[in-house]
Each structure stands twice: as structure tokens, then as C-alpha cells.
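Pasting the structures in now, so scroll down.
Paired with chain B in one complex and with chain C in the other, chain A is shared by the two complexes that follow.
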Partner chain A sequence: MAISLRNLSVNYSLQQGTAHALRGVSLDIEKGQMHGLVGESGSGKSTVAFALMGLLANNANVTSGTATIEGKSFDLTKRNATADLRGRGMAMIFQDPMLSLNPVFTIGTQLCEVLRRRTPGSDRKTQGAMAEDALAKVRLSNPGRRMNQYPHELSGGMRQRVVIAMALLSEPALLIADEPTTALDVTVEAQIMREIIGLRDRIGCAVLLITHSLGLVTEYCDAISVLYAGEKLESGTVRQVQRQPGHPYTRMLFDCEVPIDRERHADASQNRFTVIAGDLPDPRRRPPGCIFNARCDVSFEDCAVVSPGDYPVRNDDSHSARCLRLATP
Partner chain B sequence: MTDAISISNAELRFGETAALDGVSLTIPQGTCFGIVGESGSGKTTLMRAVLGLQKLDQGEICVLGNPLVPGRAALKQRASFIQPIFQDPAASLSPRSRISTMMNEVGTVLREPHAALFERLGVILNRLGLPQSVIEKYPHEISGGQARRVAIARALLMKPSILIADEPTAGLDVSVQGDLLNLLQDIRQSDNITLVIISHNLAIVRLIAENAVVMRSGKVVEGGEVGSLFKSPREAYTCELLAAWPSVTRAPALNR
Partner chain C sequence: MTRSQRTAAFIASRLASVMLTIAGATLLLFLMVRLVPGDFTSVMLGPRATPVLRAQITHDMGLDRSMVEQLWLFASRAATGNFGEDVVSHRPILDIVLDVVPNTLALAFSALALAMVVGIPIGVIAALKPGSWLDSGLALLSISFITTPTLVVSVILFLIFAIGLHWLPVAGAGNPGDIADRLQHLVLPSVALALGWVGYISRLVRAALLDTLAELHVRTLRAYGVSEYRIVGLYALKLALVPVVSILGIGLGDLIGSSVVVEIIFARPGIGSLIFNSIAQRNYPVVQACIVFIVAFYIVANLVVDMINAGLDPRIAAGRG
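Right, the complex of A and B next:
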């Protein structure tokens, strides 16, 4: 087991009260696997990543949670618990590559900085060669020239490749990719996902892919966890979850995806799109019972009062969901 | 019937790059027209040109049969029948003024009394599923999905007959995205609006539009009726776009 996250809870103190962004979230990511974390905006996906990296905002408070990375245990409630891992054990790819690159330094300088932390003592020439090699590995055209260019001279896809090259150089045990392709085109998206997979296979790290696109998860991930309003509702292998979603929310999410080959009404104005009615619950006041109760289409009386546990789906240990319908009486 | 928008041989260069390279297309009234292509293909530039925000080097654009006339007065006049919804809703709302202030501007342009305007606005907000209290808020106080709906509300308040939406669903969750698209479909049916959707989401354009064009580096590489365009694309580039689309190929459900 490469990475495990246990019982992570994060609160944000706001002017209007305390928002519970995450409540007891646990994840297991196998080495060499890509784990998709999906959920709507506001579900706490990025908070998971930030809590792991120790990048939470000042008003955030981790109330519980431990991470085990490569056999070492980290108490996430402590400030900067994973500071030692940043740049060595963990790397992160952000949504906006422009924001993760410093605009006033060249690509080469920024890549070499990673190496100064990773391999202290090596001379600048080898570092430069390694950096250039990394750029070639992520198939950035003309790596030699790129080393001396500034981030603004590159396109979005090229910048994201540079960030992936950076991750490649730091050889992390865990790579967190937070919406890595949201800002990019579909054609570039496919290329970038291929590079991330190439990186994973090259250094055998675990990848946590944070996204709201189920398409990406089903196409590239091995396992999936579904987050809703700060709680993990379902997890399992992509195959299992896709075949038989254990939680109504997961099923509704899948139904919302628009497949490219969906049946099309001859009169285009008659085509309708699936939605999940309702809004996320107030993060400051969690309703009793199941968190998804208000928007669920198959809820029954108990759902409003009984908080569901994590039940196995179809007696499969690796696939579980928090839905009372799965509880065997 | 005159076409809602007709563009003939539009050309525009930014320095070395050709943003629009001989684009010709016609959009019939009352239909939905999709413009797809990757970033940098000239989709947004084309939209800006149609709105009269970007002068062309060559070519002609007619909106409802009338050629575009430069100048502020003409721009103001055009605003009453053609309205944009920009890609980044937050950027199209002024951070320093409340939503109500922005809506007031519409009243100034239309010379409509305040009470009548806000009565209409109330109806529109209701339809978009926005709370009435939203008009008292500043843009930073509302969510991305709400900001986008506010931008649509402002566009609809102008009572346009053509609505151009640039990436209307970018950055929205799947659950909210459907809501917005259904809303656009409703508006189309009830107000008989011509809708132009600029998007790189092929699956959505395929379902919502009657006709579409595929753009690449300033050129229209392929176009036509959506059904046949997506079923049997002729151009290699269209195939590439379609193939890159990540699909949720659902395995047959066992007992649902």
C-alpha cells in the first residue's frame, strides 16, 4: 500500500461560522495506480489535496487525519506535517500551469531548482542536462530552447508539460493532479493525460487525479472515490463503480455525463440534458441522516435520520458506498 | 427570411498570425448554431467580430441583413438585438458594483423606467433559478454558476433576438451544466432566439445545435448539419477532435 489517508476532517473558520469542508474522508491509493477523486465544486476535492500537501489557507483547521506515505505516518493535524515530503515525496500539478510557474524565471531555472532540492551536491551542468532530458521525456518540442524561455512564451499545454517535467524530476511517491486538464483543449487534454500516465509508469508513483470529469476517470483511472459535500460516498475500482454504482449520487453523476454518441432528437431544440436537482447542503450545518438525502431520488424515511455507514457493494470488499439501501437488515 | 448572421470571407490578422482566414458562414434565424474548435482556432475572435468589438481586415458581416457599421451609436443600437455571454462570467461583471447597478445600465440603454425593468428582471431571475436577493450582491459573493446565470439574465434583459454564448458550460459541474443547457433550450423555444454556441464540448454542440462548423487556425475546415457532421466527419481534424473526447462508455448495468 503506497499511500493511505485516514479520517481526514477539515474545517474552515469563516465570518458566518465554521464550514466543515471535509468529514472523515479516507482514501487508499495503490502504488503505480491512478486514483480518481470526483465531485462537484464545493465538495472538498481540492481541500484533500491541499491538506496532504500542507497548502491549506490560514483559516483552515485540520481536526483529524493521518497520512501514511511509503511506510511513514504523518499527523496532518500538525502544521507543516508533510513539509519534508514537498518536492521529494509528493508533487502536485495544478489546474492553472501559469500559477505554478514563476513568471520571472526561465523554465530551466525553475526545473533546476527542483533538482537542487532533490539531488543536493550535483553540479549545475548535470542538473541542466537532467532538466533538459525531463523536458524531452514529456515530449516538449525543442527542449534545449525551452530551457531559456519564460512561462509566458509557452502555450497552456506546453506549460502543463513543464509542470509535469518538474514532477518527473522530483520523483515523488505520490503525484497529485488537481484538474490538470480543465484549462486545456480536448486534443491537448488527451496528450497531457498520456504524459501523466507515462510519468506514473516511469517512476511507479501513485497518482491522485482530482477532477469533475467522469469521462477522464473512466478512461484513465484504476480506482475512483466520489466526494459529496465533504464526505466520501463511494469508492471502488472504476470497473465496479461504473458497472454498478452503489450510491444513487454516483449513478446520477454518470447519467449527467453527455456521451458523444447519445441518441439525438431530430429537432435539436427537443434535446434535454440530465441534471441533479437541488443544491449542496450548507457546509456549516450538516443535515441529519444521509448527506445526499435532499437530492436523492430513491430515499426513504430512514435516510433523513440514520447516518449511513460504509457498506460493501455486492459483497465486494474493495467496493463500498455510504447508502442505507445497501445495509442488510 | 433574412439570415440572423451572415459572414462572407472574413479575414483578420494579428501580426503574423491569421486569426480569421477567409471565414464564410450563414446562420439562419431561430436556429442554434455551434462553432467548435480548439483554443486559438479563432472562435472567440469570430464572436467579437460579429459583435462589432473587433474590426475585420477584410470581408463583411451582416446581422439580420444589415452590414455592421462602426461607431458607438451603431454598437449601442446593435446591443438591442444581439447579446453576448462571455466565457468568463466573473470577468464580465464589474467587481466594484452590485449586480443591481449593472442591471440598471440595461435600463439606461433601453430607456426603460426603473420599476418596469426590475419587474422584468424579477421574472427572468425566477426563470434562471436565481434568488431575488442576488441583485443586492457583489460578484465576488456569488458562485461561478450563479455568476454565469447573472450574465445570462443581463443578456436576456436586453430582449435580444440573437444570443451568442462563448463556452457557456466551461468550468461548470456536470450537474449544473445540464441545468444551464436546458435553460438555453427553453429560452430558444419560448422567445424564438437565434442561439450561437461557441464550445469545445463536442457532445453538447451535437445535441443542442442544428448546424455547426469546425474551426482550425482561423479557417472553417468543415461544416454542415450536426447529425451528419459528427456521424461521418470528412476532415481528419474533426475525426481527431472526436477521438480525443473522453467517453463514459458505460458497461451494461447488471441489474438496474
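Right, the complex of A and C next:
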């Protein structure tokens, strides 16, 4: 097991009280695999990423959690526990490439900054050559010219390639991609995903893909974890979960995806989309029992009282869900 | 267009607007001086001047001509650097102004340099740990620097270091040609002038840095393990300096204004003391020439500020700032 995360819980102190952002989240990511972490906005996906990186906001408080990366354990409740891994064992690709590069330094300078840490002692010329090589590897056109250009001279997709080149240069064991294509055109999405996969195959790292798009997960990921209101409701291989979702929430999420070839009504307002009624529970007042109870279409009496454990789906070790219906009586 | 062509076009467009601004400011200035009550001759010659002398001076100064003609003469001569002859000393006014300009420039630039060398590091240190006791202490120091008037600072420095301790010279600008002596004479006036700016710059740098540190590209650097010192002192600072430099450009007028006070207290020849003495003598042509110089200085300084900012932030040069 290349990467494992155990029992991660994060609270945010807000003026109105304490919000529980994550509760007991565990993940396992195999080396060379891509693990999709899906959920609605506010489900805590990005909090998982930033807790791993140790880049949470100041008002965040990690109450429990251990990460094991390449055989070494890190106690995430300690501030900056993984500081040593940043830019070496872990790298990250961000949601908004338009804002994730410094506007007043050239692409080359920013790439070489990564190398300063990764290959200390190497001279500027070597670093420049390595950086240019990385730009060529992520298939950015004219890498030599790009080195001296500033971020505003590049498109969003090109900037995201630059960030991917940064990740490539840092040769991480774990790459976290936080909604890497959300801010980009659909036409660029496939290219960017291809570069991320290319990077994974080149350095054999584990990838945690954070997204709200089940389409991306089913197309590119090996395994999937579904996050809802800070709890992991289901995890398994993409094939298992797609074929037989163990949790009603996962099933409903798949139902919400709109097939592109679906027949439409003549009057567009007559089109019916599947939605999950209701809202996420208030993170400051978590309900007892199952966290999804209020929006579930198959809940029964116990769901409001009993907090479900993580049960295997179809007696499969690698596929589990937190739903009382799976509990063997 | 290539980057160098864009930069050239940027500078050319700025230069054109500078010329227009100087012309506009000169016109405004000419009209404002004419608004001052009383006529020049009676203030300058006193109540008992003979009508013949009065007429003579009025004619010499061109005051018997129409306003439009006067404006044309002033503007056309000023454009070629001819500000006429001083009625009191019979020297060309341009020479009088140019004699003292280097003193004022030396004072202003040494004060500005001093303020930046001290103020920027204070701002960076304060921004490294916002809310810490060090940050609060530096805030207190900066704000007390800002709120103490230059006049008070000058007098205190003067009394302690020149009169009391005899460490530094009391008055003047030093012997022409003796660099060491001139530098010694420069120390107290530039410290007096710089002190408020140290406070200003450190507060500006701190605020701009904290804004910049909240931007997402800083998170990228942190995610790749770049040290906090490099992030704050290099990557965020370069971006944070853009608004700081802009505000400094606007504040340069205030710097010249404060230099009037400093030059008078330390009895330094300079544009400030020249204006002061000329107003006391009601020598309006000299005042007028001094102010044209200050306007030109202010505008050229702001052009330099724009070019510095274009150098700091490539988006400004590209016209996207």
C-alpha cells in the first residue's frame, strides 16, 4: 500500500461555533493508481487534500488522522507534520490555473524554484534545462520560449500544464489533483487529464483526483471514494461501485448524471432531471444516526438513531459502504 | 509586438502625457499667481516708490502687457528654459534655481533611499508574523514615526546631534567640492525627512504583503515546499511593491513640501528655502520658476515610478495591469 490515510477528522472554528468538516475519513491509494474522491461542494473533498499537505486555513483544527506515505507515518494533528514532504513526497495541482502561478515571475523561475528544493546544489543552467525538459514532457508548445514568458501570456490550459510540469519536477509519491479541470474548457479537459495520467505513469506515483464529476472518475480512475458532509460513505474500485453502488447516495449521484444522448422534450422546460432533494446537513449540528438519512429514499427507522459502520458490499473486501441496509443481522 | 516594442510604446505614450501635464500645470500656475491680491510693484518697492520707478519695473516685468501676451511670453520663454532675470539680484532666474536644485535632489533622494532601506525590511518582518508582539511593536513604532511632524523631528535631531553632542554640523550644505563634508551635512536633514516615510513605507509594505500572501499562487509555492522566508521576501514582496511604489510616487509632492521645513531649520540652500525666501520678498517670478521646477520633478518622478512598476509587473507593460 503506497499511501494510506486513517481516521482523518477536521474541525473549523467559526464565529457561530465549531463546524465538523471531516469525520473519520480513511483512504487507501495504490501506487500507480488514480483514486477519485467525489462529493458535492462542501462535502470536505478539498479539506482532505489540504490536511494531507498541511496547508489548511488557520482556523482549521485536525483532531485525528495519520497518513502513511512510502512507509513513513505522519501524525496530521501536528501542525506542519508533512512539511518535509511538500515538493518532495507530495505535489499538488490546483483548481484555478489562472490564479495558481505568480504573475510577476517567469514560468522558468517558478519551475526552477521547485528544483531548488528537489535537487539542492544543482546550478541554474542544469535547473533551467530540467525545467524546459519538463515543459516538453507535458507537451507545452515552444518550451524554450515559455521559460521566459509570464503567466498572463499563457492560456488557462497552458498554465495548468505548467503546474503539472512543477509536479513532474518534484517527483512525488503522492500527487493530489484538486479539481484540475473544473476551471478549464471541456475541450482542454481531456488533454489535461491525459498529462496527469502521463505524469503518473512516468514516475509511478499514486494520484488522488478530487472532483465533483463522476464522468471523470469513471473514465480515468481505478478506485473511488464518495464523500458526503465530511464522511466517507462508500469506497471501492470504480468497476464495483459503478456496477452496484452500495450506498443509496452513490446510486443517486450516478442517477443525477445527465446522459448526453438522452432524448429531450420539444419544450426544454419539460425536461426532467434527477436531483437529490434537500441540502447538506448543517456542519455545526450533525444529526444523530446516518448522516444521509434526511435525503435518503430508502431509509428506515433505525437510520435516524444508529450510526452505520463501514460494511462490505457483496462480501467484497475492497468495496464497502456506510449503510445500515448492508449490516448483516 | 514583441515585449521590447511594447515597452517602448508604453514609455512613449507616458512621455507624451507628461508633456501635456507639464503644459497644463504651468498654465494653471500662471493664472494662480495672477490671482494673488495686490500688484507686484507695490509689494516689492514699498509704499514710497516713485511713479516713474513703478512704471519702469512694471514695464521691465511685462506687467503692462495683456494677460494673453504675458502668458505667451512666459510659456514660450519657459519652454526654452528662459525664466527671465531676477529683479532683485539681476541674475538669470534659471541660474538661481539650478544652483540650489542639486541640494534639494540630494536631500530628497537620500531621504527616500533611507526610508526604503529601513521601511521595507520593517514591513516584511511585521508581515512574517501578523498579530505577534513584534508586529504590534513595529506598528506602534511606525505609527509614531508617521504622526510626529517633520518640524518636531528636525528640531529634536538638530538639538541633540548638532547642538548637544556636536557629532554633526549645525547648518548649511557643506563646502562645495568636499564630498565628505557635504555628506556630513546631509545626514541630519535626510534622517529628519525620512523618518515619517519609514513609518509610511513599512505600513504600506506590511498591508500589501498580507494581501498578496492571501493569493492562491502563494499556496502553490507553499505546496511545493518553498520556504516562508523566500515566499515573503521574494515572491510576495515583488508583487506587493507595485502598490507601494505607486503610492510613493504620489507622496513625492509631500516629500518636497516637507523639505521646505527641513531646509529652513538646517539652513540648507535648496528649492524649499528659496521658495520660502522669495515669498517673503514677494519675488513672484522666482516663486513661479521654482514651482515649475517642482511640477516637472514631480511628473518626471512619477514617470520613473510607472517605469519601475512596469519593470516589477509585466502585466502593466502589456497594458493589462
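One rule holds in what follows: the second predicted complex is superposed on the first by the 323 of 329 C-alpha atoms of A that agree within 3 Å, B and C clash if a C-alpha of one lies under 4 Å from a C-alpha of the other, contacts with A are read in each partner's own complex, and residues count from 1 in each chain.
One rule holds for everything that comes next: contacts are C-beta pairs under 8 Å (C-beta built on N, C-alpha and C of every residue); 3 or more make two chains touch, one makes a residue touch a chain.
No experiment lies behind these values; they were computed from the predicted model shown.
In the superposition on chain A, contact of A:Asp185 is made with chain B only, not with chain C.
Of the two partner chains placed by the overlay, neither chain B nor chain C lies in contact with A:Arg79. Of the two partner chains placed around the shared chain by superposition, chain B is the only one that A:Phe254 touches, whereas chain C remains out of contact. When both complexes are overlaid on chain A, the residue A:Arg88 reaches chain C alone and has no touch with chain B.
Comparing chain B with chain C, more residues of chain A are touched by B.
In the superposed model, A:Lys125 makes contact with neither chain B nor chain C.
In the superposition on chain A, contact is made by A:Ser170 with chain C only, not with chain B.
In the superposed model, A:Ile276 makes contact with chain B only, not with chain C.
Residues common to the contacts of chain A with chain B and with chain C across the two structures: none. Of all residues in chain B, only 31-32, 38-40, 143-144, 171, 173-179, 181-182, 185, 188-189, 200-204, 206-210, 226-227, 230, 240-242, 244-251, 253-256 touch chain A in the complex they form. Listed in rising order, the residues of chain A touching chain C in the complex are 53, 55, 83-88, 90-92, 94, 96, 99-105, 113-114, 116-117, 150, 152-153, 163, 166, 170. Those residues of chain C that touch chain A in the complex are listed here as 215-226, 230, 235, 238-239, 242, 312-315, 318, 320. Against chain B, the residues of chain A that register as touching in their complex are 40-42, 155-156, 182, 184-190, 212-216, 218-220, 239, 242-244, 251-254, 256-262, 264, 266, 268-269, 271-276.
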